[in-house]
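Take a look at this one; I'll ask things after.
For reference, chains read A, B and C in written order, and residue numbers begin at 1 within each chain.
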């Protein structure tokens, strides 16, 4: 009996290690993804003044602070019975779209993308942004940085700083953009649409048809059949800010669609000894452990989960791209590596949404930023789509505005079981293919990185 | 540092303002009034001089109780120093309670230069109360982090 | 320390959120300067070097290590010690490694209380067996170890010697750039310094300050007519500016929100532990609160003005609890429960 250990897993957010146990016959007995971290936000946020929650919970993750901030303030809107003004919602969406673009670009160019842009077996020292700069040129790198900076700048305009901004108040927001900034955002959005198209072409040219990818994407090693989840609008298109939660199965059939406020009726969280990360599951099916089965409540969120839980994209260029993917791989698509393609389509989708929103001067430059707070209702649920998937905040607050209960289900937590199953599958196939040591284990990590995991988030 | 073998004697740190409460304590002494010896006195010019840092530091160093004594409201030699004290102690009590230290360990009293008996009663009362409360948690626990 | 050839730099995260790592990525073009002057030998967020690669290095082989995140579990401590041994200069980067950070609020509970709530009592958990993550053995007999949470959260310099501190949550980009330029040029300040300017946020804040008397404290959601041009403290909003080090350009204030204190306290005050921020703020806010007619006000009224400071510890030690004088919640023997 022996163990191969990948420690730590790299090019993602958070801590983790993978332990692959081989029996005496050389076959994989078990493979575990372990997340060794826990900070305990659900506990230490109790007793805190509720208006600080957007800033407290944003520290769950410095890669995706904005969705936490926004989910938190949406929850406070409910708690304080203060529906936000339409101008406030527009400001929140501006910030959200800016974040979405830069976070997805971060993943494709810095985190998981290098596996495909450089090749999974490329030497470890080059499997990163430095390798990308060398291979694709400084100009491309500057374009990447420029467009990420656009996202950061929008966040900064509204929240003071690009990471952990200060912005949300129950019933609204603290700041708006001015006319000059609207003009800037329009130009940025146009540039983002173009850069998304460039990135999609790069993906198709350098990745889609490339040997490893062409073989791997449809393989059993890199596929997983499970349920899919995401927020959708009335037309069942992904809605990144609001909407209902829709769950479909691995054949694409809608199983349920519900108001996020009712999430407890449908989602439970299991606990396993070997990891601090909890395992959310669809309650109707129950938790059967780490087993790929139609009768197990395992589901996926994030770009591929959203693609599978919806019927099309809400903007024209993204929809055209979606149709191309659908033609090649179908909808639903159970191929884990398709996360990358769906992620890039979402950059285009959100860039178009940003452009559309930024052109609406009337909405952006007029009206109140805050609805006065009503009585403290005391309870609220706020849900949003982060880059990595569905995010749920659930608060209870006492009459003095102090937190009494906090429950959070965070995107990568939803993906905990799916990621665990994916790496176990990849580990098994790689060992069966005769891989003996840690050098080729990047092919196992590759399965994990497609999800764009965020484990500090997942454990919170 | 536990005191299993010693009998617990409360250690009180008293900050007394020069113009009123210290004078009152002094009067108690010169009048030969007897009172519990548990208070160690630090004279400050005004109770408003007492920085919250002193209080937290005193708890850290093992004080079982802290007494801040100043002039009666309206009588402060510096006009408003004791109002600051009032506010400070009010917030600090909430704070130490959140940190698990019984807020009764922090006590603020107004004692004028003539009120020697009042001073004596406060010290005696506080000593008794602290006997009941037991030693400060800062004295009882070692650092559990190691 | 002057770099004659390319130096070696490492970035690591302990009990952190990743924001400090993204702050480095967000340096954008300055990353090219970093790459010109340093080989990045370990950066789990963005590169594939593993712990075994670090173990294989010689002691002091790494020139500078930027270490962010608090010490929350055994693994954090072990890696901190390993990186300290392998690095010439260890920098506590960001609030969590500098002061404990927001996860430091975990010190208001014990480790067991935290585990109990997170895994057994939170609303969506389905855990009839009461499982808590811990070392275990699976059905094949494989031992699966997992790091234990330490009893309480600590900052980096509580477990290893730290050479410099770069404060902030995350550190502001100008503060990082200044520090990097100093490292590249070799003109570094004396050891143990906090690499940021040393006055308070109030100095950088552009809001209009008028009379500085705070009538009563209010929660931000209680003020419908907040004046965004005026000092928030004067309007009754508890802003940590007076007790917080400058260097961020009063960023949160530019968004019309109060400072929450992420840079930690400035170093001035001869009695200060340098990291005791809460006492600084209690002093400041109680000095500033001023009822118009104190002499004729009852004590109760004076106190009521402060009532909305409902969670003084959470507000005033949001980032710095582990380095405060009291450090963590205590168990008073007088507790009846």
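Operating definition for what follows: contacts are C-beta pairs under 8 Å (C-beta built on N, C-alpha and C of every residue); 3 or more make two chains touch, one makes a residue touch a chain.
From a predicted model like this one, the values you see are computed outputs, not experimental measurements.
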By CA centroids, point me to the most central chain in this structure.
C
Let me spell it out: compute each chain's centre from its C-alpha atoms, then which one is farthest from chain A's centre?
B
Rounded to the nearest whole Å, what is the centre-to-centre distance of chain B and chain C, using the mean of the C-alpha atoms as each centre?
32
For chain A paired with chain B, centre-to-centre distance based on mean C-alpha positions, whole Å:
54
Please tell me the distance, in whole Å, between the geometric centres of chain A and chain C computed from their C-alpha atoms.
25
Any chance you could list the residues of chain A touching two or more other chains?
47
Any chance you could list the residues of chain C touching two or more other chains?
108, 311
At which residue positions does chain B touch at least two other chains?
98
Seen from chain C, its contact residues with chain A in the complex are 13, 15-23, 25-26, 28-29, 31-32, 35, 40, 44-52, 72-73, 75, 101-103, 105-106, 108-109, 113-115, 117-119, 122-127, 131-134, 136, 138, 140-142, 144, 146-147, 149, 169-170, 172, 219-222, 224, 228, 248, 251-258, 260, 262, 310-311, 314-315, 318
Partner chain B, residues of chain C touching it in the complex:
108, 150-152, 154, 158, 269, 271-273, 276, 278-280, 282-283, 285-287, 289, 291, 294-295, 299, 302-303, 305-306, 309, 311-313, 316, 324-326, 328-335
Which chain A residues qualify as touching chain C in the complex?
1, 3, 6-15, 19, 21, 23, 29-30, 32, 34, 36-40, 42-45, 47-49, 51-52, 55-56, 59-63, 65, 76, 80, 82, 106, 110-111, 124-125, 127-130, 138, 142, 145, 148-149, 152, 158-167, 169-171, 174-175, 263-264, 267-276, 278, 280, 283, 287, 370, 372-373, 394, 400-402, 405-407, 409, 438, 442, 454, 456
So, in the complex, the side of chain B touching chain C is made of residues 51-57, 59-60, 73-74, 80, 83-84, 86-88, 90-92, 94-96, 98-102, 104, 132-138, 140-141, 144-145
